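Below is a structure I'd like to ask you about.
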Amino acid sequence: AKPLVMGFSQVGAESEWRTANTASIKDAAKKAGITLKFADAQQRQENQVKAIRSFIAQHVDVIAFSPVVESGWDTVLREAKAARIPVILTDRAVNVADKSLYVSFIGSDFVEEGRRAARWLLDYAKKNPAKQFNIVELQGTVGSAPAIDRKNGFQEVIAGNPKLKIIRSQTGDFTRAKGKEVMEAFLKSEGKNINVLYAHNDDMAIGAIQAIEEAGLKPGKDIIVVSIDGVKGAFEAMMQGKLNVTVECSPLLGPQLMQLAQDVVAGKPVPKRITVEEGVFPAEVAAKEFPNRKY
Amino acid sequence: MTAARMRAFANAPWFTSLVTVFLLVTMLGLGGAAYPGLLSLQVMLNLLIDNAFLLVIAVGMSFVILSGGIDLSVGSVLALTTMICAWLLQKAHWPPVAVIALVLLLGAAFGAGMGAVIHFFKLQPFIVTLAGMFLARGLCYLVSIDSITIEDPFFVAMSQTQLPFLGGFVSPGALIALAMLALAVWVAHFSSFGRAVYAVGGNEQSAEMMGLRVGRTKILVYALSGFCAALAGVLFSFYMLSGYGLHAQGTELDAIAAVVIGGTLLTGGYGYVAGALSGVLVLGTIQTLIAFDGTLSSWWTKIVIGALLFVFCVVQRVMSIGKTKT
Amino acid sequence: MPDCAKVVPVLEMAGIHKQFPGVKALLDAGLRLYPGEVHTLMGQNGAGKSTLIKVLTGVYQPDGGTITLAGKRIEPRSTQDAQSLGISTVYQEVNLCPNLSVAENIFIGRYPRRLRMIDWRGMRQQAAKLLARLQVDIDVAAPLSNYPLAIQQMVAIARALNIESRVLILDEPTSSLDEAEVQLLFSVLRSLRDQGMAILFVTHFLDQTYAISDRITVMRNGEREGEYACSELSRLALVNKMVGAPTEARPLDSADEAVAASNAGDAAVLRTRALARKGVLQPVDLTVKRGEVLGLAGLLGSGRTETARLLFGADKADSGSIEIGGRERTFATPVDAIAQGIGFCSEDRKHEGAILSLSVRENLILALQARQGVLRAIPFKRQQQLADDYVKWLGVRTASIETPIGTLSGGNQQKVLLARWLATDPKLMILDEPTRGIDVRAKQEIMDYVTSLCRKGMSILFISSELPEVLRVSDRIVVMRDRKACGEYRRGELDETSVLHVIAGEGVQ
Amino acid sequence: MSVHAHDARTALEPAAAKERLVFLRHPLFRPAAALAVLLLIDFFAIPGFFHLEIKDGHLYGSLINIVNRAAPLMLAALGMTLVIATRGIDISVGAVVALSGTVAAMLIGGTMVVNDGVPEYVSQTPMPLALAAALGAALLCGAWNGLLVAGFKLQPIVATLILMVAGRGLAQLFTDGQIVTVYYKPFFFLGGGYMLGLPVALFLVAAVFIITALLMKKTALGLFIQAVGINPVAARLAGLRTATLIFFVYVFCAACAGLAGLIVTSNIKSADANNAGLLLELDAILAVTLGGTSLAGGKFSLVGSMIGALIIQTLTYTIYSLGVPPEVNMVVKAVVVFLVSISQSAQFKHLWQRRAA
């Protein structure tokens, strides 16, 4: 039979995480014998729409994409539906009135990731009942979905607890350099007040850790560092005791996606929402887990 | 004699634009040979549909660049427009016509404001519009950090209407963009405002000495660009049905590139508004080629875009050598 | 000529003051202009003529003084103001838009319209008609920048003529025109005068002044020196009033001959063989000998400037060769020519000469520095000394050597550019219209430099639209016509009329 | 001839008064004043802003932070100043930063070997070689830009757009889109080390600045670059090798960007091809214009550009320190840029004087 053709529109290559995501999808496609049409949108929704339109024009068998943003997909998805091409979402959901416009969504739940980070912190706080926890937050790119969701999830959980308080919050654009720069400023203006750093991704945490060290403090001890993603660098930091915990957000959805695509095209019923197995990795397990990390 | 006529032909001011069109056709031809299906009618129409907003922005940018200025704020103004549209429609429940009228007005006013600052304080357009870019982008987040989905029936209808055309379809947005282009070409070549723009771009001091209203022209140019950016924002709202602060990042560079590729000189005074169309199509074609190829990784995508731009610009340059006044 | 006692002036400027940083350009200057007269404004370079005109036309705001037009006080704030008041102006430096077509440059701001649209075809026809009145026959749809300065000047004049106005102001309109064109312009001006228009005319040519004007206002150092009826002022008296001190009785008239050096050796400094460029210049053979002045005469567009540019490597020749000191050279860029000891003073001062926002000193040393190379900077002290010396020697009127050259008057800019090349001590100096816009005294001085430089062994290729000037300084004259050289004559073989015959293609009689 | 009496004294008096305040008219006065005002606001709004202490044998404090962070921007602005002076623009500096940082990081690379919790560092390529390669890559980029602008006579903005897009792609290609972490201590000295109590990056900037300034003052480069920027046609006819000059400034600009890339990489101990130097070109151009250099080319001020870069970095730092909510960052930045540039315009001075009078 002719190999299955999948059109995949990726957000871009803005982070290691994303690159791992792309690599996983490409590998899995090769393994599954699926012809992958890959298009990079360079972080822009309009480019994704263009790519999807060109997939429709090329009559691919199935379209998958990681939406840059949740809103604004109605029209083009309708065109896909009219062309009878099933659509699978990865990584992020979309916000459309008609849920039949896509067959399935496979990916992580950013809000839940924020909650998990907060829950870990609550647990930690219980072990040190006497202390007050002043938190500084390094947000992702202003307006981006992970930044908004991870912030909300985190806040939701710590809201009821007077001992946990966010004293500073600023964007670090998901990058090491900005994370470091912003943390430097925080350290200057808040100094010893800061007990906890919550970073929306590992990269910013790694940058901030450098800033903390340069300020003469011990990350992981003087300031507890909590972050999200679970990239290799985070594990290295944890092994050195500089990072306390990272909440996994797995980019390795390639195999699951390919399986799903084959099922969809074969006409098998598929669940509307598939959540990826993700863990929470505190520093204690870092050394053991490190060899298993792929990205 | 024929040699002389050839020379005159190559020296004609529209020659560069012609070269651009020729190269565009060549590129599409080669692409069509390599990727079957590329030359289908709908793909060509998609080129228009998907780039309608960019075309409108590039039209406004053409005027600014012809007048010797630059406008970096257009992408942000577009985003701000989508945001205001979405907010007014969804949260304040305004009627769509009022919303569109208001945002177009706001866009023009925003541009005029920047133009006034540029003119009265004799500041550099680059810096003023850069500040405008930050401002408009920042205002988006003040409206809402999150994206807002637009459910207004009129916008939805504009988004989903497919006007049949020779067996394919075009969107209303694409038609609006083409109409805007036609209007702009008329303004540039048959109105005294348009000619004043060229004069100011050619030599501002001389234009002043010849008794043209340089200040008024400059302010109007930026107002026009702001208006176009807002119109592009409305088209974008049709296209995406959402308002979002991160929409259209970097569009200003695309627009500038489109204008320049279309044969307009960044130093002002030389070029054609119609060139914006060929510039936009060149950029769109490059993207379509890459999407049809479908094997490029994210970085190869960038490298190939760069390479295609390079080939295009150099060939364009070599073909029109000897005439360009830089 | 109107009777000044009875007629009221259409325009009166009085007590005008204007100060620039470091310069008092106008000090109590004034002017009276009557309907139906041609009034010439005269004065040395930097006397304030152009500034006075710019104050009148709203380019500059005066620091004090009054302007009255047809009995009403006016305060033009911008050029539009002045235009709408009926004052039409041709400025000294051509102020047109190079990117627009010739026709548009004439009509911009007041297009002929049809159906509320610009009527392009009508505009081109009218433009062609207007230019035909000045006997210029060119493609009016082509961009202005395609044409040499002289044509641009004609376009500027055509533009001014087209404006319905009471007052017409021409600031050195003739500086790049040849004799025939000047005569044409004059006949147009006379007919306008007869229709009652008041015309203000600025020139440095005494002949032209006496040929056309009814009255003369002389300016000196930013002041009005006096106002005279043309018929009552002798040439010598006029010059004395401009200069401020009685000059020696030596006639400064261009008609009079100065004695030239004529010590030309025989060694050729430069020789071209069939040097040509397609569509621009047909094969030319030229020889310039050591210590001689070789004049190039010809009408506008006869290819003199092109010849000069090829010799200097500003444009690349596509056939033929240049031989210097017996060795064949090719010049791809001016750098190569400069290395061989050639200097070139362009006719287009504003676009090809002066670097406007750099200081006089920087402009002056630029070519010398370029020849020395980027790394061997001329010490600052030496730069100052060079600049000071040349400014003094050529009598450049400038607040200091550190003022931007753009703020100097036109003639003074020209002197600085001349100095730029003199400083490189070239073997061959190409002077394309070096005396354009230069006052009588300075012109005399420049001619004297030219001859004295030759005495020191420098060779000069001299291009000028003023035939008498060419005749006077040149040891030999090559006449050009239709982009090729059509004759070579030694000093004395030709006079003005015979040159004109050669130019017209009739040979020497 | 009627002559209006004119009171020359009234006209001259203010002029005389102005002579005494001549420094007010110095082109650098206004950028410097803007910076001073910004610092003054910081002084009142941020406690301990000017506080400096010695920590681990070097100075530590907000001011040190600002200059340290501003170092890459200052370098980029230095190169950009010369490009702008020739009427050009280089929007590829961000990509060059990414590229040079990537090359250095990949060559030095190294792996962390954890022995009993003590990390050890090993380098792959000798560091000097790696640094030379990184700067070499930057120079190549500059030569490429220079070739397109000076050789092919492409418009600078499109010519450098090509590298802006493709350069970052190349960097990502080298790293496979991963962040390359460097595990080699000596390399960190460049962007994170201290000498005589001050950041090493500061010395690098100072060195480049001094070399550039000397080059501009002691050779004729400065004059030539201005001449080319103001009137390229006249400059060529005066015998300048305009193409060579233009080629040179692009190479120089890329070299500065390359050095900036090394500092950035060394500072965060890793090369992030995706994000390093992102939009640095805009900030660099902004710095140059804030410093009073016109984008139309010609006269330029290196010191002005340095001040411009410091204004931008101080502003960023202030925003972070004041606890401005992130969604307002852009608005604040926009307002400050507006205010600073308006306050620098001559027209503003007129308005102000008229009000005062």
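Each chain carries a letter (A, B, C and D) given by its place in the written order, and its residues are counted from 1.
Here is the rule we use: a residue touches a chain if its C-beta (ideal position, glycine included) is under 8 Å from a C-beta of that chain, and two chains touch if they have at least 3 such contacts.
Because the structure is a prediction, the values reported are computed rather than measured.
Listed here as common contacts of subunit B and subunit D: A, C.
Where touching is counted per the definition, the chains common to subunit B and subunit C are D. Summarising the inter-chain layout, the chain whose CA centre lies farthest from the centre of subunit C is A. Subunit C and subunit D, compared by their mean Cα positions, are separated by 44 Å.
For this pair, subunit A with subunit C, the centres built from the Cα atoms lie 72 Å apart.
Taking each chain's centre as the average of its CA atoms, subunit A and subunit B sit 34 Å apart.
Subunit D has residues 172, 177, 327, 329 in contact with two or more other chains. Those residues of subunit B in touch with two or more other chains are numbered 141, 145, 297-299, 301-302. Pairs of chains in mutual contact: A-B, A-D, B-C, B-D, C-D. Touching subunit B in their complex are the following residues of subunit C: 59, 78-80, 82-83, 89, 91, 95-100, 104-105, 108-109, 111, 117-118, 143, 145-146, 159, 279.
Residue ranges of subunit B in contact with subunit D, taken from their complex: 117, 120-124, 126-128, 130-135, 137-139, 141-142, 145, 253, 256-257, 260-261, 265-267, 297-303, 305-307, 309-310, 313-314, 317-318, 324, 326. Residue ranges on subunit A touching subunit D, taken from their complex, read 13-16, 18-19, 22-23, 139, 142-143, 168-171, 173-177, 180-182, 184-186, 188-189, 203, 206-207, 210, 214-216, 233, 236, 239-241, 295. Within the complex, the subunit D residues that touch subunit B are 87, 91, 148, 152-159, 161-163, 165-173, 177, 282, 285-286, 289-290, 294-296, 327-335, 337-338, 341-342, 345-348. Interface residues of subunit B, counted against subunit A in their complex, comprise 37, 40, 42-43, 46, 49-50, 53, 140-141, 145-149, 151, 156, 159-160, 236, 239-250, 284, 287-288, 290-292, 294-299, 301-302.
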